[in-house]
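There are structures below to look over.
After this come two complexes, each holding chain A, first together with chain B and then together with chain C.
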Partner chain A sequence: MRIKAKMAGVASGAALLVAASVAQADVLFWSTQAKPVEEAQSMRENVLAGHGDAVDYQPNDGGPWLTRLNAELQAGDGTIGVLGALHGDFSAMNPDDLVDLSDMGVGSASETFNNLAMLGTDSAQYIPWMQASYIMAANKKALEHLPEGADIDALTYDQLIEWSANVMEATGEAKFGFPAGPKGLKHRFFQGYLYPSYTDGVVRTFASDAAVTAWETFLELWAVTNPGSTNFSFLQEQLLSEEVWIAFDHTSRLANAFNERPDDFVAFPAPAGPTGRGFMPVIAGVGIPRTAPDMEASKALVAYMLSPETQIATLRATNFFPVVDVALPDDLPPAVQAAGGAVAKMSASPDANPGLLPAGLGAKGGDFNRVFVDTFERIVLAGQPIRAVLDDQKVALAEIMNETGAPCWAPDAPSDGACPVE
Partner chain B sequence: MNPRILPYVLILPVTLFLCLFFLYPFVLVSKQAFSTGAGFTLENFQDVTSHWKFPISFKNTLLLAAAVVPVQLALALLMATMVNGMGRGRDLVLYVWTIPLGISDLAAGIIWLAIFEQSGFLNSMLSGLGVIDKPVSFLSYQHPGVVFLAIALAEIWRATAIMLVILVAGIGLIPKEYYEAAEVFGASPWKRFWRITLPLLRPSLQTALVLRVILAFEIFAVVAALGGTLFPVLMGETYAYQFELLNGGAAAAIALIILAISIGFTLLILRILRVPKGASI
Partner chain C sequence: MSEATVDAGPDDPRKAGKFVYIAAVVLLCAWVLVPLYFLLINTLSSPEAVNAFPKRFVPEFDLGSLTFFAGFEGMLVALKNSILVAAITMVMSITIGAPAGYALSRFDFKGKGLFRLLILLTRAFPLPLLALPLAVMFIRTGLDDTVFGLALVHTTLAIPFAVLITFSLFSGIPIELEEAAWTLGCTRLTAFTKVVFPLILPGITASAIFAFVISWNEVFAAAVLTIENRTLTAFLLQNLDTSPLHLKFAGGFILVVPALIFIFAVRKYLFAMWGIANR
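So, the complex of A and B:
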């Protein structure tokens, strides 16, 4: 990391010289969100243009994002004014490197989100900015193959498997799509959907017998899953090309399908298992690094991002939902309407079992995700025996929990100290 | 200027450049690989080598190099001899053959992805010919052999030219007299290639092989484009440690392992293809 940081420091130093001579007053909004070109452009033109000061919105991949940030923090001198990133990106940082934002008087309507944003300290280290979730989407052609008596808004995993099998029988192709590609968000499916739905936990129950059942069920689902799924990272592409008829993914990674052909697709809640309908929110936040060049300008921008009008504009630009109480207008893009409906049904369902994002893992967030990705690759792709893999991966998981001392989060039962792997 | 000093002055800029941008980062990487914050430790190496994916990616990297480099060597030799025998149009052919050199490896991977993917050219062609009824997903976990083949093909297509260029230059250096003499004694073209071209090409072969083998161990973008996570290689693991797990120490450790393999093979090639003293052209 350090070499990279140093090299990036040199590079960004050069960039800084150039940038400084062009636009000194712009606040640099350094973000991991709204990366696709259209979204970034929309952020600039429709969201940030309304702010009094000029804002330089620069989205980037997580790696380069952190590299430059660390370089500036190490140098003790920076150009980044505001950070925009996922909760996981912030939790990988040292809270001391973020400016305390408690006194700003802005925040999310959700106390849970505000607590997450404290990153284990007593004060807000970032401010929740926008939220999303993972939902299911289907081509309307698939609806006629729904198993008898199945309600699309209250599916179970078994019905999903049966449905996908019906489609496979009818079309001769496996048309369930799963984001198992290199950039796919498969780990979130296991952490926030499969495990809560089958084991009512994530960490404690990682290697339980219920977890074995969960993976057996997943293998059944995998048998009717498009084998190309290991290359799928944004299911909207495969929905549009009709390689896939039924898909699970992040709302913003399904958005193009709904926006381009709103009449062809339906959005619906994730399926339920024996212990409820597990689902997980995604939170992005805005924060200020301690090296921000103009603290007042940065704080003004953070406050601006939380205003109701900006939140609606952000929703249109990125398909991420507001975190403050705000009445949604009627003329939202089709993707937003579809996703909003599905998320509302999911959280209002009687068997809802909402999970939280992993918290307190700090820099080990990536390793935590890797435990689940490795488990998937070993059980599903390499065909290794479930029990043996879980017992093996459990060691890695326990090590991460002990090292970070992270307490359990919902749906795991609370713990004193580090969350135990049982 | 004093002619004895001149050579040193001339290589000074490049030496400084290498010290600053190779040696210095290398020292830092080594430091990072052998420490986890407190003192010297082999922990990073233990971490990465005990991960279940390490033996697989290690094997894959070697296997790929073993499959790709010999084919490239044979092809490059064939192409170089052909180019050498040409009169008119020689330059044109050479330029066309070296076009893939100008394409970044990621772009090359994406070109081959467009051929092999489910909605790609190969599928359209096969279904157009009536060989298959519906598109086949070639690059899936169910067909590890095809994934390997696709990556190998993309690599051969992309990187043969670098050997070709070196070998063409090398062949051009071989004095014509040897061939004339051999012809006088009635040596067949095959024999001339075997007895004159190959032995006298040794220094170029050395360079070409060393370059190619080192690049083969660093393969990354083509694999990422075509195989995704299906075909783990060492360089991909390095990337994952650095950017996904944010574990610089482990990434540095794998990078050093790759370096060690590269140095090992370089020494081996230099030894096998060594040119005896005083035997240069």
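So, the complex of A and C:
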């Protein structure tokens, strides 16, 4: 009897507490960005606290983010006020599910970004929010091993390989780090850096002879790459633990290294190949789903995110750079200064060959990335012959392009209709 | 006899057996305790010490990482939600699962074998697949973003364990005990509460622990089905994988401790199942 009474007590207590949970009316900011706990905390305390209305900032993994959003769209009744995500996340959505934001009068200073944000329609489906890029970082101990005559701000891929080989000879360990881990952003390296630098294209030139050279070069680089790289997803960790001395990664995935030990690391531009110094921006945007509970409040929050002060606060919180014209203050964190310098040098270099994010692929964006990851795994990890793998993967790539009808984007030459794989 | 053991020397097979036994116990304890110990050390270390190699074996009692989480908005609410969801899951999975287990062990009915198999089916579908239709339904019925709604989902996940554990326990208790109670004036219900229930209490605890752990660890449904009322796992775990190492350790520690406390609190009921209680 005693047990029964206890259990009844627990049950009724639980029921009471359930009834006591109250709903709030904050604007829900449903984001895939600024997910690490420190960044999320900083978004809440330093960025969103300045907005008039209370904002509930909730960063999520991509899976739950999309599932919840789709559920609300299907049910036709939502709690999400504002979406924060990468360009790729938005382009995978149906533009009809996003509120048209053209009449808001806010946008990025870059017309390219604003055009991307239209998602193939003729009005803004989301507003560019912040940008980042991929750069190189090195431990200062590695600098003495730089090949003779090499300028760290104007490296070539061959010099990078030679440098990494020198370090390997001196230390006995392969100390170049590459984000080939499960959550690593390796596909962006191939799409935005290796291919543009060697083939002056991504889709058209996927299986060209120049692409074979590119992969041969990458194999040389892989020979002096830390074999643990297939587990590396955030190179800041390996830089800090000194498993790796030279690294390529997303600026925000290198930030902790610079912030924790600013005097030990240098940031520098990505290397150049025969067709220039390929590099790629990363764009995150803010949008409003058509099920937002309070449209005015959502729009007010979007406008707030684009104001210059918020953009600088966001830069401090997330290491993502502003998309509007702002004067950057001098007291920025070390990671921001280092990355900002490297990105500026990269885009200002005489041989700069900027690529764009894949556009017009819609829901096939993931499959597009998969082609590059598979090619990497087959050529580099499984050691299959380059020509055969490229001819094989080319079919998968052509299928994606034909299915989506996506036209070519820079640095590929423009196309009428779907971008052809030549 | 005693002389023989003394003379046997180091080759005594019993001694060797004992050595293997002790080694196995030590290994098993280390298997569980060493990771927990490292988690504790790294939680109490500064970021530099966490990234350093070789690792330290003594914590330096740097509370930086824990202090960060103390100031992390919404932690306590999330912890409260987690405990609530886990508690409701426990109560519901046992209230539903135990009678089902009893029925399976005491009564013969058509399709019993099939039923036992079907009960496992709730675990056959991955949650990411079920989450979308569930979320749509929850939004339409108003269960969305409630602790109770999430507990319903977790109960579904926990029920197979509750049913199968209690089923094997009831089967282990001779029906004669119940029959004796009936002849001595008990009804079916009182025979159950006074005779059978005390005997299976340890099994109930075991299924309660299962239910608790399942609910405590579940992320996907929690992340999709709750917004304001997030559980600690949904609130923290998703954000930890991309966080710096020292915060990963501290966050992991925070996620592990409540579960450990719960298991310690109920351990005496659990041990009773293996007949080592009250010794």
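As a working rule, the second predicted complex is superposed on the first by the 399 of 422 C-alpha atoms of A that agree within 3 Å, B and C clash if a C-alpha of one lies under 4 Å from a C-alpha of the other, contacts with A are read in each partner's own complex, and residues count from 1 in each chain.
The criterion applied here is as follows: contacts are C-beta pairs under 8 Å (C-beta built on N, C-alpha and C of every residue); 3 or more make two chains touch, one makes a residue touch a chain.
What you see is a predicted model; the values in this text were computed from it and never measured.
K.L.:
Once the shared chain is lined up, is A:241 touching chain B (first), chain C (second), both, or neither of them?
P.N.:
Touch status of A:241: both partners.
K.L.:
Check the contacts made with chain A and report whether chain B or chain C touches more of its residues.
P.N.:
C
K.L.:
Is A:63 in contact with chain B, with chain C, with both, or with neither (first, second, both, neither)?
P.N.:
both
K.L.:
For A:230 in the superposed arrangement: first (chain B), second (chain C), both or neither?
P.N.:
In the superposition, A:230 contacts chain B only.
K.L.:
Determine, under the contact definition given at the top, whether A:270 touches first (chain B), second (chain C), both, or neither.
P.N.:
It touches nothing on chain B or chain C.
K.L.:
Just chain B (first), just chain C (second), both, or neither: which does A:367 touch?
P.N.:
first
K.L.:
Touch check for A:181: first (chain B), second (chain C), both, or neither?
P.N.:
In the superposition, A:181 contacts chain B only.
K.L.:
If you stack the two complexes on chain A, which partner ends up touching A:260: first (chain B), second (chain C), both, or neither?
P.N.:
Second partner only.
K.L.:
Both chain B and chain C touch chain A; at which residues?
P.N.:
1, 3-4, 7, 61, 63, 241
K.L.:
Under the touch definition given earlier, write down the residues of chain B that touch chain A in their complex.
P.N.:
Within the complex, chain B touches chain A at residues 25, 28-29, 32, 52-53, 117-119, 134, 137, 139-142, 224, 228-230, 242-248.
K.L.:
Along chain A, where are the residues that touch chain C in the complex?
P.N.:
Contacts found on chain A: 1, 3-4, 7, 10-11, 14, 17-18, 21, 23-24, 28, 35-38, 40-41, 44-45, 56, 58-61, 63-64, 67-68, 70-72, 74-75, 77, 79, 183, 234, 236-237, 240-241, 256, 260.
K.L.:
Flag every residue of chain C that touches chain A in the complex, lowest number first.
P.N.:
Residue list for chain C touching chain A: 47-48, 51-53, 68-69, 71-73, 81, 84, 87-88, 91, 95, 128, 131-132, 135-136, 139-140, 144-148, 193, 197, 201, 219-220, 223-224, 227-230, 234, 236, 238-245, 247, 251.
K.L.:
How about chain A: which of its residues touch chain B in the complex?
P.N.:
Result: residues 1-4, 6-7, 61-63, 66, 92, 172-173, 180-182, 226-228, 230-231, 241, 243, 363, 366-367, 369-370, 374, 377-378, 381, 392 of chain A touch chain B.
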